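Letters are used for the chains, namely A, B, C and D, taken in the order the chains are written, and counting of residues starts over at 1 for each.
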């Protein structure tokens, strides 16, 4: 079937070029300034509602994010319950509707930290917040044409992670471990998610230096353990012993892959991403070669903190340089050698962060390709 | 032995049973007749436990009993053989027979199929049916199913110590003549063990079978007649409450038809295994009756003309034009109207009101550019309600809530108002009471006089003979004989039966 | 929703001798028989189809490849993989089969599976964390939880007179929500080697979980064919009002049906946990559409009364063979959904007897 | 005033009671601007539910609507630069064709709509994935505003989105109650065999019903895509079950022939109120889904008119 696949892939590439031409070409740079930097100072609030909007509670990653948000709220001397949770269940529609409802309820006195579930959803969320006078900080998903500085103070910041580099690093660890030859498969996240795209790209970058390693296949496993499990077992049928390494887009996918291998009594080197506690333990045991810790606890806390402090007027976003408005979050590579130490420092004892040190641990301004 | 004393039953706005006294003796067959709406079905439901009476007593051997549901009634020996086919088609015969009473064959939670089959065999023997109890019910003929239903009720015999009362609700409606005879023989035989209550619209059958006949009208028992004293005219008089037209089938109104032109012509038409090599012409004003047993192919011929069946050979012409595409839409477009036997399923749409039903087949006439002219629809409906004397409070009444006769009139109005000049009537009087039947006959004569060609599959042979200009006898899908039905020279029942079987 | 009317009543029948034995089908290869076995034929066809594509690929690249013999898809190891993937879905699908035979539908499986998985994991870890301790009691507990959830589902449907589609859909939300409430979003690892031997220990190339599933399938078959309850499902599906008039306590049968389905959903939850060693709120995800699709593909009619658990086995295998096969032959992932959709339509078309059904909605 | 008389009015009474309950618990819910904004945000979901009503009204169901909308978000984003406002035509045509094909598979091939529409949804998903190159795409803001900016303005304080919804509701209502097609839908939903025996082209009516469902889903997808200024193959996820719930809660049962588009409007509002109540009443995050389910059971138990569920409740 690979001939069909090749044909379709060629088609996709040529059409993707067309897409780029159509969507980016005309005036990608000249972003619309709908609400422009307002001449009057944005109104600030003494005690805004603090809210976190995220996908779901079933993923450990989001639980870490939430714990950070709660830690921040507690640092203000409030109880955990003071943090309002909006859960979108993977629906952009619900994400937007919930934000609007909260804006109406709080009358705009809101400091919102949000992952908008899907990149296109960021714009209406930000626009709604700006219109209502609320302050919003986004995490992960936004489209490339949307920038905080186009919205004065109200769109406080955007934090993301450049996953390409770390994913490339884990890939190199994997490729070294298999001796620079053989075949690898990649199990990705939801195909259209930015991190999923970047993490696969990281692998491809690394592969360029290893001509003897073939990328056998890459399929999206939608961040889902069970789906990853089934795809991996199908991969085992198709490629069998040709698979000498597995590159996973995140930890939860990794668990599914490990179980698929365990079912066969096989052991193949794998690398994952996210640095969840369970994955870190597996790294320490050597079952996973490496994962990348993105410190979601800090990310969750600092995103809420940025929105909150902008809302209270503690700092004025529009006076900050662009690299303080769009920046990459921190990444820490976790490998078997340092896994236990890492676990002790970051997971078993969550460090107490200074939530006013907004940009300390960050990783430089976001760049666009 | 089984007795109702002064039983009353009210529904919102209706006094359905008025102080009814009803008694069944041992080894007796009691007939129950009455027009639709006279309260027969309510009475039956009270007897077999589906309804609880508001007043009066139900007694068995003098003891007052009260049933909360049919199962309790069954436990007192009262069973019901339903009018509609009430077997569950995807189950086997034995499962149907013991449905709800499987426990007797269960050992350690396991059904002993062998034991059940044996017991079922015994039950089937009671009704003289020799079939494999493991047969799936849908594979049986209608008559066989009717007997299985009887066998199912007869399981009460083993289960109950006391006497049995078995209700037979229209058991003959799907049976051919000889099958009816067989059933009657069986019932008479079974009176040794059970009493029967026999409900039927076919007066002759009630008279033939019953020892006593209860006549109901407007929720009350108006007469009880013994078998020997029974007289059809007298009973009908009591039921209807007025004199029944001596000229029941309106033969005096039968006019010669115009044989010069043909509305429908069949030329050696065959349709798979349903019928074979059929040829006839239908003329304006003619009432042509197709006579045959159930499954002889008469309904399939009707459905072919309407466009619901596609013939496999031969030519069908409607008004001189050869029909090439068989679809109901094209049938309707050619002016064919169809009154199906399954009135509630195919005739009216329950849930839609009177005018919506009447215009269903002719919406283009009451719309422009796809937009309905509701005012015109209602006006038309009012006209036809008056013309046919349809009993409905207004045009907004849900047709599902009308009585059978009025439903039939709505269906008729649907086709007549649309100007259909070829009418296909499949058992148009089925399940209607005498008054409603007479209305239908009257309308058939009117249509015939107006030049409409009518093809009829009648409910009874008498009806066929009385109504038709022409009778075609069909057997096993093949044409047998053509009879001319001019008044005074009509064929006899015997003539027809001779060729049917 | 899926409503069809059998034309039985309108079909004209030739009636000759009333007491005659119904004639057995004269030919061996009747239409009815072909339709009855159609799902199995579809499965066989698919099992032979995917190796063909493998062969074609090698043929085009001029490699040696003997059809079937050299197939990676057509191998015991892959059969085991398909079986592992199919077992939890099979349990869920069997549960919903009973409901569909009754002419109802149950959409609560995702919630029920999650709740059972999570409660099982909590109890298992809380009571010792290994099968060799009192923790084994977590297994009957999970089945009991499934029964309770199913029973509530049935009660809501029957007592509140809410059509099963809506009642079970809402109960599904409640179930998932309850699982989330219990876990607070955490995942619970079940690492006991003894419990995980469901996956890791193999007899005759297949892991133990496949045999457990087989045993459950046989139990389901037994219930379907040899118990009053099982037969009553068919009665209710074939004609609920008639069954009621025959003295059957239809409400009870319905509630029992939903309860039984809940037990099988719980079994699905146990095997799903056994397969990946994790219980979480998301354990139940994706079971709804896949299990109902499998049931229909297997030839059980959505309008009730027809089909059974063997059909469901075939249906689940068809869906899983397609899913596995598409990856194995290297079909690009973005066409996989579409191909699955079209193949499902084709499979249902082949196994529907269009002559006995007058319309479908 | 007997209970029988109240029955048909139960859906909006339920809505009113819910609104009052939430409003009493948190009076800021009654803020008109806030309410208006809540209502206009539910518009894409409402339009999808409106289309679904046609499928359910004939006794079927359409599970492809969400994937249909996904596909349209991608189509709209990819082709906006080439066709401008013309992508609306392409989107609607795509909805019509896929919907009609589902209808064809259902009526002519006898595949229950539950399965046929689910399967066609997968096909639409594949198309969306392929067209989008499996990426999240965004629209050029200027192009978007040039072609579809009118969708999101306000006139006299009324969001245009809401106006679109009202117009579509009016069209759907007209179709349902005033046209021969609407009458035929009712006949098919209430008594299909009688409709056949009255010479209606039932297959065509059913295929059209699914096609309309597809068209409305496409419009919903288009509005959503413009609103979010982008598209990808998962953008509209989460719509399907809510759309079904909106139709059912409104009082259009799955058995067909009863209810209609006005019911769906009420049903959508009920869903909206329940959902925003979570925010207004500050229901704990981990409890929201369970509460939603329980309230839903209560709402359905209240709104469905059981006397119109002919025959048995399955």
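One rule holds in what follows: a residue touches a chain if its C-beta (ideal position, glycine included) is under 8 Å from a C-beta of that chain, and two chains touch if they have at least 3 such contacts.
Because the structure is a prediction, the values reported are computed rather than measured.
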Between B-D and C-D, more contacting C-beta pairs sit at C-D
From the centre of chain A, which chain's CA centre is farthest? B
Based only on mean CA positions, could you tell me how far chain B sits from chain C in angstrom? 42
Centroid spacing, where centroids are CA-atom means, of chain C and chain D in whole angstrom: 29
Using mean CA coordinates as chain centres, what's the chain A-chain B distance in Å? 71
Multi-partner residues in chain C (2 or more other chains touched) are 5, 180, 184-185, 333-335
Flagged in chain B as touching 2+ other chains are 342, 345-346
If you look at chain D, which of its residues touch at least two other chains? 129-130, 134, 193, 286, 288-289
Set of all touching chain pairs, with the criterion as stated earlier: A-C, A-D, B-C, B-D, C-D
Of all residues in chain D, those that touch chain A in their complex: 26, 28-29, 31, 33-35, 37-38, 41-42, 44-45, 73, 77-82, 129-143, 145, 224-225, 227-239, 242, 272, 275-276, 278-280, 282, 284-286, 288-289
Interfacial residue positions of chain D with respect to chain B in the complex: 178-184, 186-187, 189-191, 193-201, 257-258, 308, 310
Which residues of chain A touch chain D in the complex? 8, 12, 15-16, 19, 22-28, 30-32, 57, 81, 84-94, 96-98, 100-105, 107, 118-121, 123-124, 141, 143-145, 190-194, 197, 220
Quick one: in the complex, what on chain D touches chain C? 56, 58-61, 63, 105-107, 109-116, 118-123, 125-127, 129-130, 134, 192-193, 202, 206, 241, 244-245, 248, 253-256, 286-294, 296-297, 300-301, 304, 306, 309, 311-314
If you look only at chain C, which of its residues touch chain B in the complex? 5-6, 8-10, 12-15, 18-19, 21-22, 222, 226-228, 231-232, 234-235, 237-239, 242-249, 305-306
